[in-house]
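Take a look at these structures.
Below, chain A partners chain B and then partners chain C, in two separate complexes.
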Partner chain A sequence: MARLLLHRLGGLVTTLLLSSVVIFGSLYLAPGSPENVLFGNRTPSAAARAAVRHRLHLDQPLPVRYWDWLTGVLHGDLGTSMVTGQPVADRVGSGLGTTALLVLFASLLVVVLGLGLGLLGAVRPGRLDGAVSAVSAVSVSVPPFVAATVLISVFAVRLGWLPASGRGNGLDGLVLPAVALALLSCGFLAQVTRNAVGEQLGREHVQTALARGLPRAAVLRSHVLRNALPPIVTAIGLLVAGMFASTLVVESAFALPGIGQLTIQSVAQKDFPVVQAVALLLVAAFVICNALSDLVQALIDPRLRTAGRTA
Partner chain B sequence: MRRLVTWWAPLGRSGQAALVWVTLMLLLALAAPLVAPHDPGQQSLLDSYFGPSPAHLLGCDGLGRDVLSRLLLGARTSLLGPALVVCCALLVGIPLALAAAWSGGWVDGVIARVFDLVYALPGLLLAVLTVALFGPGLTPAVVALSIAYIPFLARIVRAAARQQRVSPYVDALAVQGFGVLRITVRHILRNIVPVVVGQAAIAFGYALLDLASLSYLGLAVQAPTPDWGVMVSDTDALMQGQWLPVVAPGVLVVLTVLALTVLGTRIAGERTPYLRRGRARRRRPQSASAPAGTAGVAA
Partner chain C sequence: MNPLLDLSGVTVTVPSAEGPRRLLDGIDLSLAPGEALGLVGESGSGKSMTMRAVTRLLPRGAAVSGAVRYDGAEVLAMDAGALRRYRDHEVGLVFQDPRAHINPTRRIGAFLVEALVRNRGVGKREALARAAAVLAEVGIDDPQRRLRQYPHEVSGGMLQRVMIASVLLAEPRLILADEPTTALDVTIQREVVTILDRLRRERGMGMVFITHDLDLALAVCGRVAVMYAGRIVEVRTAAGLHERAAHPYTLGLLGSRPSIDARSARLEAVPGRPIAAYEAGAGCAFAPRCLFAMEACDRTAPPLRAFDDGLVRCSRVEEIHAARTEATA
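Now for the complex of A and B:
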């Protein structure tokens, strides 16, 4: 177990370092120099340009800048926004809470509804299963931006129950965004759960246990669910990770002041230091989610503890 | 006629409906300028938010532009973009996957690791970063998504090709002196065509979804051009309580993605979970052995 943990941690750090190189490198190899963002349409004198380049450390070679940036990041200094002049860490920090809460809220919805619907479909074949399957099939095809639009149209504009944009007071402002974020993942998890549980229900040891008269609930809990968990956990890991990417869409749709909206704004303003920090943060969230799901797998399934990889 | 029957019947009723819908959308997109009742860019402020009427079947948007015509013309960018994404991803992905499956060993290891690495990055994030570099537009979005979709297609193709690689007929062909290229392309690839086409259809749906999201964010197709994603982003109409101009393109996105997913799973031979009940269709043995989408999630 300890070896697996180390292995995973190593892979995590490597992936993060690699993606930080790619993100840092690509943003500064982009057409158009970063300092042009500051000058806008004006054409600066050579001296002014040189001064700005010096202040942004653009006159130093790329590896040096990368090293400075990396050490800065490790010390909690993410640089300064080129547009507002605020420290990037402040801008990111103010959005982090909203995004984390949103993803947490949506994840809860996904786990409860997705698992519940999937289980329901698996253990009640027939019309109920058909209905569950149809609903989940449609909901995997609804992208968050369409879900957000329909939800705003119905619950914010028509009925006026919940705010259409902004945080609102308390959790009000997060309800519709969380539902919009969770819908697609709910359907996906329901499908995965239904298939995994259905497959286990047909296995011989389950049939034997049922035939010998063990209570159905006990069989379901300790023989079916336990064995069906690995694909379900993998799916949850992937889905939660994917939700971090989808916050880009949902936060923009609902004008929520989170990381996703900050990313889209900074991309539009070409505010490179912010884009770098946020992109790295999103990749980190993604990688950590996947690593966590692997670790949980190993906790559930002892066979995976000795081998380094699941494949 | 016989050929038609051999692939039409196994699709099942849902698969057939999905195929009809997708074909209809593609045809409408192609013929859009001929079928569209109005010029999609023509504004008339007097018709602002004019409801459905014989002249404007789906009404008008805030600038008095005909919604139906914009939907028809919008189908072009909305479907062309993802089609390009899938084509590019296939062009790069299939040769890589076949090479990996054929050679095995360290070549396979390296290619598989690279696929895993790219697969770990969300396509949407990659596309947003690319747009940050090259500015908004359909081209950078399509390029970024093509890269993101290579592993989605290639991982499945590699798994299917590896199964074929170890089957006796491949050894038999190799012993007879057939070249690597001939065996992989004419025999292995041919045998896994259902898997490739099915996965490509599913990828088409997801790419459509991603590109529409990007256009919605204003990062891919730009505003005056009619596009489904762009049309949904009309917050003005939404706040005015005018749901038709924003919800109609959204519904088209959902239906088309749904149809592509159903069609893809049907073709790839993965029994769609939501359709398993009733007639379990027997398929011809050699394609039935192909591992469908399941390997992608579990690996």
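Now for the complex of A and C:
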């Protein structure tokens, strides 16, 4: 188990390093020089441009710039925003709380509702299962931006129950965005759960447990659900990671001051240091979600624990 | 003596796309306390389904009629609590494939003590001590280490012993063993059967031993019941079946055992494909494959009736018996 942990940790660091190279490289190799942002519509003199490039270290070779940036990041210095002149860390930090709260809220909805509905469908075949399947089939066909539009027009504009944009009071402003973010994932998790639990219910070892006179609830908990967890945990990992990406759309739709909105803004403004930082953050969220789901699976299924040794 | 287990007219029907399907058709069986009964028949004849009817572990939507009496109590009428107590205390199941039938994600120790701890409130430590003792009894070395291992870390033969140990731990009066050695290496099969047989005798437990292997059934059991298409076609003591089998199907099975001297000549002794209960017509289910069948056999199904110290389901059994005696005389 410790070996697997080390193995995963190593993989995590490697992935982050590689993606930082890709992000850094692709941003600076993209057409249009970064310093153009500063000049706006004006065409600068060659001397002025050279001075700016020197100040931003753009006149140095790419590997050197990457190294400077990387050592900066490792020391907690993410650079300075080209647009506002604020430290990147401040801009990112102010949005991080909102986004983390939003994704946490949405994840709770997904886990509670998706898992609950899927379980219900699996253990109550017939009409209830049919209803669960229908609901989840509809919800997986509603992408976040459609959900956002519908939710805003119904609950914010027509009914006026919740704010259409901004954080609002307390958690008010997060309710609709979280629902918009969670809807598709809820349906997906319900389907995965229903199939995984349904499959385990038919397993021979479950028959053994029932044949030994164990109470049905105990069989469901310790044998059916426990063994059905690996695919469910994988799905949750992927879905939560995906929700970080979907915050780009949802935060913009609801004008929430989070990382997603910051990403869209910085890309539009070509504020490269900020884009780099948020892109890396999204990658980190993705990688951490997947690593966590792998570890949880190894905890559940002892047959997966040797993975670190063979890989 | 009152029977420990008594099935009469047990019929199981499951729903299917083409309407209800009969899988068992009026099973009559009885087992005395401490007796070992073999249940033999080709694949699909309903041996496992019979065992599932005894424990009420039937497929979803199955309808069962008839009577399953355990020590006088009607199993089919038990409420959920009584059924759990019956499954926990009275019957123990040994399945064919221990790898599939033991939860792969939990330690062997957890599997062994689960029922004791959850159903009977035995303390974890005490339960583990008992489990270790029983593991030693089924011939497993270093039981303490085995308790901490996972199923995928031990061999199939060892896992089947673990399964047997789990049954012994519950101290039931009846063991139902469904092809307990079919999934194991040939070399291990004998060992596992020997252990099962010895411990059963020592503890005076009754056993229904399901197998394809008539020789094995004859060796382990005092009495053998032969099944065909969801029906019992012959019941007889092992010795009686060996020497005086009466039903044409049993005769065919005896002939189809691969024996060293005449292997190739005898394998085809029961030509044709076995059928399931729902595929049988109005007459004798075995008639289409029977060497002795006449027109009448296709029209009326014969009852299971007493013949020569056993029970046989065949209209022509007297004639066949007479002809055979004449031929060997």
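Rule of thumb we're sticking to: the second predicted complex is superposed on the first by the 304 of 311 C-alpha atoms of A that agree within 3 Å, B and C clash if a C-alpha of one lies under 4 Å from a C-alpha of the other, contacts with A are read in each partner's own complex, and residues count from 1 in each chain.
Please note the rule applied: a contact is a pair of C-beta atoms (placed from the backbone, for glycine too) under 8 Å apart; a residue touches a chain by one contact, two chains touch by 3 or more.
Note that the structure is predicted; figures quoted are calculated from it, not measured.
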Winner by number of chain A residues touched, once chain B and chain C are compared: B
Partner chain in contact with A:213 - chain B first, chain C second, else both or neither: second
First, second, both or neither for A:203, with chain B first and chain C second: second
Touching partner for A:141 - first (chain B), second (chain C), both, neither: first
Touched partner set for A:274, first chain B, second chain C, both or neither: neither
Which of chain B and chain C A:164 touches, first, second, both or neither: first
Touched partner set for A:235, first chain B, second chain C, both or neither: first
Contacts of A:223 with chain B and chain C, given as first, second, both or neither: second
Partner chain in contact with A:181 - chain B first, chain C second, else both or neither: neither
Chain B and chain C footprints on chain A, overlapping residues: 125
Of chain A, residues touching chain C in the complex: 125, 203-205, 207-215, 218, 222-223, 226-227, 300-303
Complex interface listing, chain A residues touching chain B: 15, 18-19, 23, 26-27, 30-31, 125, 129-130, 133-134, 136-138, 140-146, 149-150, 152-153, 157-158, 164, 191-192, 194-195, 198, 231, 234-235, 238, 241-242, 244-246, 248-249, 252-253, 263-264, 266-268, 270, 272, 275, 279, 282-283, 286-287, 290, 310-311
Chain A-facing residues of chain B, complex: 117, 120-122, 124-125, 128-129, 131-134, 205, 209, 212-213, 216-219, 229, 232-233, 238-239, 241, 243, 246-247, 250-251, 253-255, 257-258, 261-262, 272-275, 277, 297-299
Partner chain A, residues of chain C touching it in the complex: 55, 57, 60, 83-89, 91, 93, 95, 97, 100-106, 114-115, 118-119, 150, 152, 166, 170
